[in-house]
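Heads up, there are several structures right after this.
Next come two complexes built around chain A: one with chain B, the other with chain C.
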Partner chain A sequence: MHSKYIISFIICLLMFTAVFAEKHTDNEATEGKEFQPVDMIMSHITDSNEWHLWTTTDEEGHEHHVSIPLPIIIWDGEFKAFLSSKIAHGHTHRGYTMVDGVLTATDGTDKATIVDLFSGLEGKYVDLSITKNTTAMFISILLLLLIFITMAKSYKKNKLKPRGIAAFLEPIVVFIREEVAIPNIGENKTDKYLPYLLTVFFFIWFNNLLGLLPTFPGGANVTGNIAVTLVLALCTMVIVNLNGNKHYWKEIFTPDVPILMYPIMIPVEIIGIFTKPFALMIRLFANITAGHIIVLSLIGMIFIFKSAFVSVGAIPMTLFVLLLELLVAALQAYIFTVLSALFIGLAVKEHH
Partner chain B sequence: MNPLVNPGIGLIFWFSIAIIILIVLLKKFAWKPILKAIHQRNNAIDKAMSAAVDARAEVDKMKAKNEQIIQQAKLEKEAILKEAKLTSEKIVAASKDKATEEANRILAEAQKRITQERLAAVQDMKSQVAEHAVDIAEKILKDSMQKPAVQDQYLSSLMNDIELN
Partner chain C sequence: MDGVGLIYVGIGLVVIGVGLGIGRIGGQAMDAIARQPEASGKIQSAMLIAAGLIEGVGLFAIALGGFIK
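What follows is the complex of A and B.
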């Protein structure tokens, strides 16, 4: 029953793709164009303002790109919102265009970075577009809501034994509670932080798995995007520091060392507040991105050597790395959750 | 900056909103009911388990009790049998004694009766002998008195006796 819903949900998404996907004709001829592995890999692992599906080449050598157009939202003194199909392939609309799928201002103004948010936005435009990763993230959130609300509802019918999706996911939920949350946070306070840990675990896991899919609705490198891991790590940091008890702050400002050591220890402890979530952010981002780079590099070998025979070696290797990635998908979700639980536990645990 | 390590403001903005909504929605509609259901089921299982253990203990206790009762019954049976045997022996012995006594009593009675009968017979014989002797003496007297000499003699002896007195 539930799996039927999920399948029909995915089919609906695919139909949406078929309706909105638009064909663009690239006037550049492909002849003479050298294969650029770095460009290929970078375009796969970074964000983009359209969801590229596939490219065909006609008899005249013209490339036809099929992509899902995504909404562009810009603030540069005024709000501008339009679909990316308006600026695709050299078209310009209200002062913007797309270069390799990424929004660019035609007058040369820079896109505001995260640093500019603090140092001033003058002469820069803020890009709030619903990008490929944003869309993939929304899709994964809908999927998570669908799956777990279905699971919660199934308990009303099956009180004695979990059935369907619940039979598969319940051991994982129980594992997070009993092996991750309780040992780190303690029985009393687990209930308060468990919803966050469970959400983060399944969000990362599902997005890692969706990222391994070759194309829509997966294929976006959501958990391998530093903005996503930054927000996740910030969530942990905020929870840790908002709920830190007296003991936690005492360890930072009056650590258990001779007073002469304070000038060294206190700055180290204060830096520690930021390095812990920073490590969380980098670890998840680097692991997932690295996995994608390896897979793409192995596939790219075939095109670099321009020989189908390379695939004899490259395909089994890719398969092996993909299987490894399946493991890493769960492992990185687990590690992020365990470390979040550990940091929360260190901040809130009662000490006697 | 390399786009890989340049977090996009748009994604940060949308994801911050989305993750908070996701946590809130999942907490309310998924984690709470799921964890509650698991907790309730665990409690039910624990309760059933302890009930089963209790029932088992009860059964064991009853078994032990039954065993004890059987043992006791066995002992009682043996005691009763022993007693019955003893009683029967006693009864047999008692009846034997009684019979002997009765026999002795009958024997004694019989002996007594025999003695009595014999005495009576002797008495009877004695009295009969006396009668006969009297009869014989009468007859002799009659015979001898018919003669006048004898009568005279007798009379004179009688006279003598009176005189002498």
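What follows is the complex of A and C.
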């Protein structure tokens, strides 16, 4: 019954692709254009303002790009919103264009960063576009909601024995609770932090897996985007420091060392508050991005050597790395959750 | 001579240290599992946590090396 919803969701996504995908033609002939492996890899692992699907080259050497246009939302004194297909391939619309899939202002003004919020937004534009990564996040959020609401509802019907998707995911939920949360946080405080740990685990895991798909609706490098991992790590940092008990703060400001050591130990402990989430952020970002780069480099080998025979070696290697990435996808989600639980546990556990 | 090249030597040294550390964790975990196979689950998760923490140091070095040009 519920699998029907999931199948229709996927069909809807595919229809979305079919309806909105637009074709653009580059006017420059691409005859004799060298294959640029770094450009290819960077365009796959970075964010962009359109969801590129595929490129074909016709007999005259013109490239046809098929991509899903995404909404562009800009605030630069006035509010501008339009689809990225209007600025694709050199077209200019209301002072903006797209260079290699990334929004750029034609008059050379810079994109505002978070620092500019404090120093003033003069002469900069605020980019609030729904980019490829944002779209991919929406898709994974929809998928998570669909799966977990279905799972929660199925417990109403089968109170004792889980069925369907619930039977598949219940062991994972139980594993996170019994093996990750309880040993680190302690029996009586686990239930307060378990929702966060489960959310983080499944969000990272689903996004890692969707990132391994070659094309729409996956293929965006969400967990390999440092902004996404920054926010996830920031969530852990906020939870740890807001819930830290007396013992946690005592360890930082009056550590159990001779008084003479305080000028060294207190700064080290204060830096430690920030390095823990920083390590979480860098670990997830670097692992996922590195995995994508390895897969793309192995595929790129075929085009670098311009020989089909290279694929005899490259394809099995890619398959091997992709299978390894399936493990890494789960492992990185697990490590992020375990370390979050560990840091939360260190901050809230009772000491006697 | 500028010191930029030395940064990469430093990153290499960090990565060697991280490799030695994770190798040691893996090896010791193997020993521990061989000694007490029934505790392999607990040993594995402890091993992953320790390896994850050390791996963070190596990734720190690599990421910082990417920022310093």
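Keep in mind that, in the parts below, the second predicted complex is superposed on the first by the 345 of 352 C-alpha atoms of A that agree within 3 Å, B and C clash if a C-alpha of one lies under 4 Å from a C-alpha of the other, contacts with A are read in each partner's own complex, and residues count from 1 in each chain.
What we mean here is this: a residue touches a chain if its C-beta (ideal position, glycine included) is under 8 Å from a C-beta of that chain, and two chains touch if they have at least 3 such contacts.
Please read all numbers here as calculations on a predicted model, not as lab measurements.
Asks: Name the contact category of A:Y196: first (chain B only), second (chain C only), both, or neither.
Replies: Only chain B; A:Y196 stays clear of chain C.
Asks: Can A:A279 be said to touch chain B (first), chain C (second), both, or neither?
Replies: second
Asks: Should A:I45 be classified as contacting the first partner (chain B), the second (chain C), both, or neither?
Replies: So A:I45 only meets chain B here.
Asks: Let me test your reading of the model: by the given contact rule, A:Y334 touches which partner, first (chain B), second (chain C), both or neither?
Replies: second
Asks: Determine, under the contact definition given at the top, whether A:E325 touches first (chain B), second (chain C), both, or neither.
Replies: neither
Asks: For the overlaid complexes, name the partner, chain B or chain C, with more touching residues on chain A.
Replies: B
Asks: Over in the complex, which chain B residues touch chain A? Could you list them?
Replies: Contacts found on chain B: 1, 3-16, 18-19, 21-23, 25-27, 29-35, 37-38, 40-41, 44.
Asks: How about chain A: which of its residues touch chain C in the complex?
Replies: 179, 278-280, 282-283, 285-287, 331, 334-335, 338-339, 342
Asks: Per the contact definition, I'd like the list of chain C residues that touch chain A in the complex.
Replies: 41, 45, 48-49, 52-53, 55-57, 59-60, 62-63
Asks: Within the complex, which stretch of chain A touches chain B?
Replies: Listed in rising order, the residues are 42, 45-47, 73, 102, 112-114, 117, 126-131, 133-134, 137-138, 141, 144-145, 148-149, 151-153, 155, 159-160, 166, 170, 173-174, 177, 191, 194-196, 198-199, 203, 225-228, 230-232, 234-235, 289.
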